[in-house]
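There are two complexes below, and they share chain A, which is joined by chain B in the first and by chain C in the second.
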Partner chain A sequence: MARTRTIALTAGFLGLIFAPPVGQAIVELREGERPVIAELFAGAPAEAHLRQLEKSLDEASSLGSHLRPWYQVLKHRLTGDLGHKALRGREGWLFYQPDVKYLLEPYFRGQGPLPEGDPVAVIRDFKEQLASRGIDLLVVPVPGKPSVLPDRVSAALERTSEVNGNTRRFLSELREAGVETVDLQAAFRSRREAAGDDGALYLRTDTHWTGEGAVLAARRLAERVRRYSWYEGAAGERRYRTREASVMRRGDIVTMSGVPSAIETIPEELVRCRQVVDADGGLYRDLPESPVLLLGDSFSRIYQSDEPRAAGLIANLAYELQLPLASIVNDGGASTLVRQQLARRTQLLEGKRLVIWAFVERDVRFGLQGWKPVALWPEEPQPHDPTPAPGSPKLASP
Partner chain B sequence: MVFTSHIFLFYFLPAVILGYYVLPQRWRNGFLTLVSYVFYGWWKPWFVTLMLASTLIDYLAVRVMAAPGASPRRRKLALLASLVSNLGLLGVFKYAMFAQGNALALSEALGLGSFPVLEITLPIGISFYTFQTMSYSIDVYRGEATPVRRFGDFACFVALFPQLVAGPIVRFQTLANQLRERAHSFERFASGVALFSLGFGKKILLANPVGELADAAFAADHPGALAAWFGIVAYAFQIYFDFSGYSDMAIGLGRMFGFEFPKNFDSPYHSQSITEFWRRWHISLSTWLRDYLYLPLGGNRLGPRRTYVNLALVMLLGGLWHGAHWQFVVWGAYHGLLLGAERALGKSSAYRGLPKPLRIALTFVLVLISWVPFRANTLTEAGHYLGAMFGLREAGAPAALLMAQLLSAHSLLIMAICTGVVAMRTQSWDFVEAISRNEPGVRAWARLAVAPAVLLTAVAAMFTQAFNPFLYFQF
Partner chain C sequence: MRPIALCLVALALAAPARAESAEELALTAELVEIPSELPPDDLYDYAYVMKYRVQGGAQGGQTLLVAHYKPRQPREKIEKAMRDRVGGKLKRFRTGDLHRLVLRRDLEKVFDGAVVDEYFAADRKTPRYWCKQVDPA
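What follows is the complex of A and B.
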């Protein structure tokens, strides 16, 4: 190698590896902070300390924050790639990869130990805890977008293609365990059949349903709730009405990708919603004393506490039932976190007749923090360590 | 620590280069040993004591063996102590859980009840460094290597961080002279930089993205034939670019510190037979197995029947070396069978009469089939996957969703690049040789620019990827 080229390559390499740590330390010192790398000497060289240091260095890296978007834009410009969370479907439809992964991978049971917990056993335990206080439980797995729109993912699939055998099996196991369920998949599919197109049920570049999807889910849920014997007594005079509202929304799949060039190019979608107002024209508001408590995730949050507000699943269910609801919503945390929140506020269960637990179907496999048993009333001798369903390994203690 | 991590590239490596070149020559081996322990202990600090113990035992065993006037019996006992301790370490940390699992399954099958299985964490790189230390005591016993005088030099040989975790497996005699004296030059350092950069690119820009495709295919319930073949080709690319990328980085880093490690890969997917594949794939392991297992067993000197037995045994143990699972035993047995068959045909394939491109393609297909048990988590999963590849399992409707994932523009581009690199026999080694030639002109500069461009792009990509250690770390 010619001397000049040798020196150039060596100097370039040394510059590349020496400049970032030195520059990073200078930036941190100028900002009056101790350089993150100094944390190395702040504790014993234990595994946890070293992992934390690596994490902190990654997060604080100025080089990373400059190079990351550059590379993402390059990849996006070359191939349209939106990162590992997004899958490009047909005709501009975007899908959330974990939604697709859930449909592709085998059912959670029968694959060995369940380190994330057994959702069926946990749900049954939750039902039993509620039943001990005379409260019913209604479980509502919300179909992910590719379950209802498989033909928008791949031209090889038809609108009627059955791709979510996992949820059907899950619902069937729940029913066998004596848990009441509502199958939204069937309702959504029927709507698509009737509409002839995509049914306007899901947003094109977002993981969630449209305002119309939320209304359809609320109607289907309300049909079941009305059949409870206590409902007639609980529902009083007509107290809610609806009005049209719309909102511009940029799909969360694009924003989650973090690719700046994609965020700029993908347009916002106009979403028409049904907003619920009370007799005085005020937006729907929860009532903690309601006989119905809804536990949900972002499908319950969208249009409800998000703009245009009071137009999501909760408000529309309240409208269908003409009954205010109580609710606890945790984005992405409907498998465990939402119950943990409830366990910290069990007074909310006083006077309740029904708990509706709605979570997106992919949570069966990929729920945040898995499926941990949660004791609602731990001071009482409740069976809070659920017996696993037949054939499933025993759950770990919480 | 992983080469393709922020902490390694921007903190560990600069500090080590700086320290190494600032220190006087006589302290450099000690310094390299010390930083290698930091490198190794970064994952789990206490594993350093294990490596230190292994180093100490072999050092002492060889001291006893090589003591003036040592009797043959004493020499043999010393060798035995080295072998038993190294194989004992491997046995406890790598194979004890496998043995317990099988005993448990057998006990349950016989209705004798179950018992708790003791969980043991596998120290990374243990298979590599125990093989290296064993080679030292065996070589000294055979009179093929001179015993090292300074413990520090031997500790440096065992712990040397560039090739500690995933090879290439280096015999002591290869490095003995280099440990005593090695040349440092700008040219050697720069060629190390180029190799390291290209290896870094292979891992981050090729192996990791195709690995995601392979993962998706293997995780699918009913992938369908096309997706299954696509997935296994993706895995073949992943394991090649991952492992050869690691070897390039190891050799490159070695050169930066004046060492020269042997080549570990030589366009293996261009092999025209399985025999040739094993001359080109993980060369340092196949050489080790040949020198320390196959030849001592008698090699091909004891007649055809014994040759087949030896081949099968070496490949079975080679499979087990990769991991304590039945899938690796099957993988080893499959290769042993193919090697035996080719041996019967005069070290040539059954399709030797076909044109060369077809011979290469057929060998690649045979290798692809072998990667199925290697990649699968269980033998049942491997069986299902092979069933899908050969159309014996019906594809479910979700298979079309999988194809949509696998056939995205980004996936196709990565697969096309991998195919191009493999098909054109582009090797980092040759590339670095080419840029090392004293050629004048713009072309030489352009060729030189490839290495930093690849490294810079790979560094940017590294910041977008989750933690992704090398596949061979698990072995």
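What follows is the complex of A and C.
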């Protein structure tokens, strides 16, 4: 009897271990695909290969993809958990984990080699390439939600807690390297102080700013742009006016959690925006020949090419300046990909006086594709090699 | 008179076919390289450039760079808004697999989002194709 039980238990245990991969292999063969487990024999059993295989098995698992949503719903209903990318703050505020992680982790420099590239060195190189054609560069790190609303992340933080030391140091290093910057953080914190509450600057369940946040950023940026000597000559007659527009938006933090019960129960938010129209009442449109080119990420896309359209950072900056802009917007890719996009279309830089480069502050650490040097005109000699010596914090001004 | 009319009809029918072939090409190719780990796609939608070697035909042996939209997802699970631009039955991308591809030459017109292109620094000249449809071969 004991022997039978031992055999049954052993068989059950082995079944638990082997049933999922064997079942998965059968499913894949029936669908005419090569089983993922066959990759085990495709390379030497080194750590990297085995980790990659583990990941592939996890992603390919039919059982996993069927069970995962049920597990997520159960976990969400029992604990309110929204998965590893979302952080539940106070009073219904949701935060994107990498936004918080960026604030909590030490500054990128001084932690050993920089496999993702050195943002300061790369930005300085970009500035020098533009300067060689007489174009100015203005760098604008956009504060993430927890930077401005730290007390909504945790009760342990005050509304005045200084949590963005990393961005302050980044801005300081950029200035030291001769790069012009605009500090939106100060403007956002001041607005919040003056408003006495959240300042209505960020969406509660989304990573982005509200329509009002976009307008405030546009005003702050316009203050700086108006001080360029060429601006007076470029602005010309008054060509834009604004009108109110609103949109219902489902927070991207909720959507990316992928938890069906959260998507059903967390309500959409009503966002009031300032929409920019031209003299004929048509929505604002970019002008590729503009003297100003804006490179941006999803903070430049929201309300602009998204609904209600022409109500985001770009249109509102154009309104403040009464000057149409050219723009390249690359969701999540404002560290490297947006410059690659520009390098494919360098004709867009003809006649430009200024490039404004706006990216969310967390991209300093977590930008898609890191910070790779990009030669805009590769056939020409480059100002200098943007790769710094390993661990070197020295940034000589040009 | 009749042969001329027939020629005109044939020309009229042939014109759209030429326009389509100028934009698209269909071929079978081996996926020879996925140059890095695919980045997460839960917050941002992106296309990712992979290297193929054409099998058979006049272009046999030629290397192609092809951008696949959200390659972590099975093609049949791509969101509705992109279905007119991305299709096929392929479930996952693995080097060494043979794919039947329908490609478009005008990547920048088809997709204006992020394109992760690891080949950019070394090779800007080779054209990048947009993959409209991919099936296992």
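As a convention for this text, the second predicted complex is superposed on the first by the 325 of 398 C-alpha atoms of A that agree within 3 Å, B and C clash if a C-alpha of one lies under 4 Å from a C-alpha of the other, contacts with A are read in each partner's own complex, and residues count from 1 in each chain.
Methods note: a contact is a pair of C-beta atoms (placed from the backbone, for glycine too) under 8 Å apart; a residue touches a chain by one contact, two chains touch by 3 or more.
All figures in this text were calculated on a predicted structure; none of them were measured in a lab.
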- Query: Hey, is it chain B or chain C that touches more of chain A?
  - Reply: B
- Look at A:G332 in the shared chain and tell me whether it touches chain B only, chain C only, both, or neither; answer first, second, both or neither. second
- If you stack the two complexes on chain A, which partner ends up touching A:R5: first (chain B), second (chain C), both, or neither? first
- Message: Between chain B and chain C, whom does A:E47 touch in the aligned arrangement: first, second, both, or neither?
- Response: first
- Once the structures are superposed on A, label A:E162 by its partner contacts, choosing first (chain B), second (chain C), both or neither. first
- So, A:A60: does it touch chain B (first), chain C (second), both, or neither? second
- What residues on chain A does chain C touch that chain B touches too? none
- Item | Touching residues on chain B, where the partner in the complex is chain A | 5-7, 9-11, 13-14, 17, 41-45, 186-187, 189-191, 193-194, 197, 212, 216, 219-221, 396-398, 400-405, 408-410, 413, 435-440, 444-445, 448, 451-452, 455-457, 459-461, 463-464
- Query: Which chain A residues qualify as touching chain C in the complex?
  - Reply: 31-34, 36, 39, 42, 52, 56, 59-60, 85, 96, 207, 252, 256, 258, 298, 330-333, 337, 340-341, 343-344, 368-369, 372, 374, 378
- Complex contacts: residues of chain A adjacent to chain B: 1-3, 5-10, 12-14, 16-18, 20-21, 24, 37, 45-47, 50, 53-54, 57-58, 61, 63-64, 67-68, 70-72, 74-75, 78-81, 83-84, 87-89, 97, 100-101, 103-107, 146, 150, 153-154, 156-157, 161-163, 165
- Query: Contact residues on chain C for chain A in the complex?
  - Reply: 37, 39, 42-46, 72, 91-92, 94, 96-97, 108, 113-117, 120-121, 124, 136
